[in-house]
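Same chain, two partners: chain A is paired with chain B first, then with chain C.
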Partner chain A sequence: MREIQEFTLDELKHLFTPQAITGETMVLNMGPQHPSTHGVLRLILELDGEIVLNCVPDIGYLHTGIEKNMEAKTYQKAEVLTDRMDYMYTMGNNLVYCLAVEKLTELKSPARADAIRVILLELSRLQSHLLWIGTSALDLGAMSVFLYAMREREMILDIFELVSGQRMMTTYIRPGGLWRDVPAEFNDAVKQIVDIFPKRIDTYEALLTKNPLFMDRTKGIGKIDTKTALAWDVTGPTLRATGMAHDIRKANPYCGYEQYDFEIPTQTTGDIYGRYKVRVEEMRQSVRIVEQALNKLPFGPVRDNNPKFVPPPRSEIGVSMEALIHHFKLWTEGFTPPVGSVYSTIESPRGEMGLFLESDGSPKPYRVHYRTPSVPLLQIMPILSKGCFVADLIGIIGSIDIVLGDTDR
Partner chain B sequence: MGLEQKLGNTGVVTTTLENAVNWSRTNSMWPMLFGLACCAIEMMAAQAANYDMSRFGMELMRASPRQSDLMIVAGRVSQKMAPVLRNLYDQMPDPKWVIAMGDCAACGGVYNNYAVLQGVDEIVPVDIYVAGCPPRPEGLINGVVALHNKIKSERFAKWK
Partner chain C sequence: MNELLTPAVFAIQSRYNGQVSEFRDEVTLLVPAEKIIAATTTLRDEFDFDMLSAETAVDYCPQTTPRFHMVYIFYSTKTHQYITFRAPLNGDNPSIATMETVYPNANWREREIWDLMGIRFEGHSDLRRLLLPPNWEGHPLRKDYPLGYEEVQYTFNFDDIDLRKPKGVR
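And then the complex of A and B:
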């Protein structure tokens, strides 16, 4: 076990004002164990009384070595690790990996698989935003929103459990389609969510949107403009709250998002309240997309039938020699995509999530690198928090919706 | 049976000191509000309305280790986090208990690599291991009940 990393002020003096060295301002450590840092984030703050002068995020407390670990596993096994990265958007982590592998191998996901993927991705976005609205309102002192949001989140997790057998770490989306078709109860369960959710989102809005305490704590705090946000590579709701309508689902559609009718919500304020409004509107748009996808859910296969890459159905293994051979080859040595490198990208609830995948022609990826949206969001923390109160800092951390598993990998 | 019947309706219950102390320890346990990774989300779900851990007297999460007597290690512990976790454990007042929630905290889980501690029992003594990746909220509640049972059978000293 290593020692706790301790810094002297002398080593960090380039991050703070000269007054920190003389003791006129106070340097305070916040985290990694703190109820409002949403995981194991450590912030080193320089305070002048109650005012934050500087804020230096220290990441790496959840570094798991997922990218390196994936290089040691075959393509099928590596996918299991992707779930545990951004653990609030597990379906999306699977998808960005599958899109990359599909690009590399020219596998094609069938229309039914694409529609089911879209439904599950939007449900994932909903559950991520639900947890966000619950915890960030909790940070600002509104307890009841958390209990309501978690109640609805359980409904979505029940659907994940229905299709995949797991509540969070589903690994349901696979290269070339899905693991298996959805069970018969799926349509009714999703229909129930589509019916209930608009009313439930109204409930959250009734608790927060015009709540004077919430407005006082959020309006005009943690501001950022479009130019700065773009310079720091910020994407997602934080960018959209500054007025720029950028969404990968529109800019670079995947899984047939171009077929669905939805809007990109934007706000112009760029503050915490703007981000809140954008996310709430995104939840409504997600419900719209789920409804459309469910109404025109096509029938057909849910997996590409290329036996070199996609395992054959269980029923064929007993009767077909080829199927048995393919199954044996796939689960002993894995499949071998051609040499090359690809980049795939999707819109996660936090912004653009990308994956760079390099193959050297072996059954294991040569290099996996994720471009995760939480890292730029943490990089703008010093800009957002400059000059605010310590209490507002809590609201700012909640509003940018970081997931530390996503940051540190 | 014994004394109670002779005392009659005087409002007195007899028990052993051990039973009384262990009973109060199980029913006023304050877990530490300390989430690491994925399992922390399920720990929050266990606290919320659907699973409602307050049925077992566990609803009061304390953010400070000085006020808590149960540490639920919810998630993978990286090498950088490990000394911090030990520091937090050392700050908790006795008597204290640890639940290793999830496979990562129990044994490293799917991560057999340079970055993750292969089980949190390398640095702190663990009372209950909860399996699963992540465990369902029912799994965590089961672990908590198992811990309660363990505490109820604790002895203060070895009787000769």
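And then the complex of A and C:
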């Protein structure tokens, strides 16, 4: 039986100082299973006492070959796999895929579907940031925030269950619109979140923002500047904490984000505290967007009516022969978009999420590549952690908010 | 074509024999592989494309000339425009100059492409496999690498099955 090989220190020696080979500094393994790595992440650290000299992330423990698998499935079936990547932002994974397919096939999602997409995406951003605020505060020793954050996150997951029947792996957003319209209880459930959330965010801030222990552990640690961030392709809150107001929702709006009034929060410090402030403010802006979208939620269809690409409603199948034929053809053969390649991007809670999709004119995607925001974030770990303490390294991993399913795919 | 992209496209087209194509309002330039570094340096320094948003590769097996296309997608934070470069690569063991010198974040993206597609990057500082174990055989995203329908290997029959397993390109 073939054993899985590990990297030897000799193969990694160009990443460490010469002292690591002679044994003057210590090379220490952290992970792959570690409570503070937010998934299966392995870090190889070179330490001088308690100071981190070098940090080599080793990823791939959650690699599931999703890109390869998608090449073997039809466009509708491949979408189900996308949920399994960034498991904190499943709606966004679906959306970026649907936007690419819609671009390829020139489908148009109706106004109501767009508004519901925006509500669900912002709720997804909220629940992702809630988990982040809980776990990253937990890493720094603040236990109680986690319990409050999880309580609110449950309310959002309940809404996902209400609309799609699933709490996390929803596959609710489909090419050309949505799977189905939202149930009647949806408006009240979202209204409740909009009402209570601003006060709850104040609670988290009361626990952390002016907490001297939290400030000591976060201010001036894990710093990065705008120029380095751009060169290393870092996006999202980590870039915005360096002072650059860059957000795909404003720069290249999708799903009608240009209709909503919201701000891009920025900080200038570029440290853990700056990222914390940006994310908390983003949660407030998300609530604002949800409220606006809910107030002007238009009525109408939730799917494009092009029967060659979008399955007909269930009610038509019993009475219309064409609907039955289209339904049968779509779920056995799939649809065939024209030959070409497209790139679509959205703003995920971690940064820019992109999808490169190439079609060869067959019912299966020829090549799918997810440009995920966590990869560059993890790639700059050596820069962020250079010269910090091991204890601060834990805070830095928490602050960049990586999702390992997102890096490994 | 968006007028913000026109000067960049014109420059690459005239200086580096780029071939322009447009699909769904997205501009793609086919640049010869040996000129890709010069072309991207021009794009970054003269036209403010400050981010390498995505880097990937496409396998056109069984076609051999070109078998692969390297795909680079650049983004400008000034004009908010995307532009795609493609570099054709021939043969089963292709190699291309590394983009690391122009955009440092290409480091991991190229490690991933080497890992999954088997394209070598000349001058890369750390060309190890990114996602798969170091002793993995083959490059899974190539089209001639089998997908599924294989016998499951257990400890007791691992070697028997391993002998008759299609492995793709080593």
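Throughout what follows, the second predicted complex is superposed on the first by the 405 of 409 C-alpha atoms of A that agree within 3 Å, B and C clash if a C-alpha of one lies under 4 Å from a C-alpha of the other, contacts with A are read in each partner's own complex, and residues count from 1 in each chain.
The criterion applied here is as follows: a residue touches a chain if its C-beta (ideal position, glycine included) is under 8 Å from a C-beta of that chain, and two chains touch if they have at least 3 such contacts.
As the structure is a prediction and not an experimental result, all values here were calculated from the model.
In the superposition on chain A, A:His34 makes contact with chain B only, while chain C stays out of contact range. Legend: residue contacts after superposition of the two complexes on their common chain; A:Asp233 is shown touching chain C, with no touch to chain B. By the touch criterion stated above, A:Gln379 is placed in contact with chain C alone, chain B being left untouched. In the superposition on chain A, A:Val310 makes contact with neither chain B nor chain C.
When the two structures are aligned on the shared chain, A:Gly405 is found in touch with chain B, with no touch to chain C.
When both complexes are overlaid on chain A, the residue A:His63 reaches chain B and chain C alike. Taken together, the two structures place residues 1-2, 4-5, 60, 63, 65, 68-69, 408 of chain A in contact with chain B in one case and with chain C in the other.
By the touch criterion stated above, chain C contacts chain A in their complex at residues 23-24, 26, 28, 50-54, 56, 58-59, 71, 73, 77, 80, 82, 84, 103-105, 107-109, 112, 116, 125-126, 128-135, 140-141, 145, 147-148, 155, 158-159, 162.
Interface residues of chain B facing chain A in the complex, by the touch rule stated above, are 33-38, 40-42, 44-45, 48-50, 63, 65, 75-76, 78-84, 86-88, 110-117, 122-123, 133-134, 136. Partner chain C is touched in their complex by these residues of chain A: 1-2, 4-7, 11, 14-15, 59-60, 63, 65, 67-69, 71-72, 103-104, 106, 230-233, 244, 246, 251-252, 340-343, 345, 352, 354, 356, 358, 366-367, 369, 371, 375-376, 379, 408-409. Interface residues of chain A facing chain B in the complex, by the touch rule stated above, are 1-5, 32-35, 39-40, 60-66, 68-69, 80-81, 84, 87-88, 131, 135, 146-147, 150-151, 153-154, 157, 167-169, 404-405, 408.
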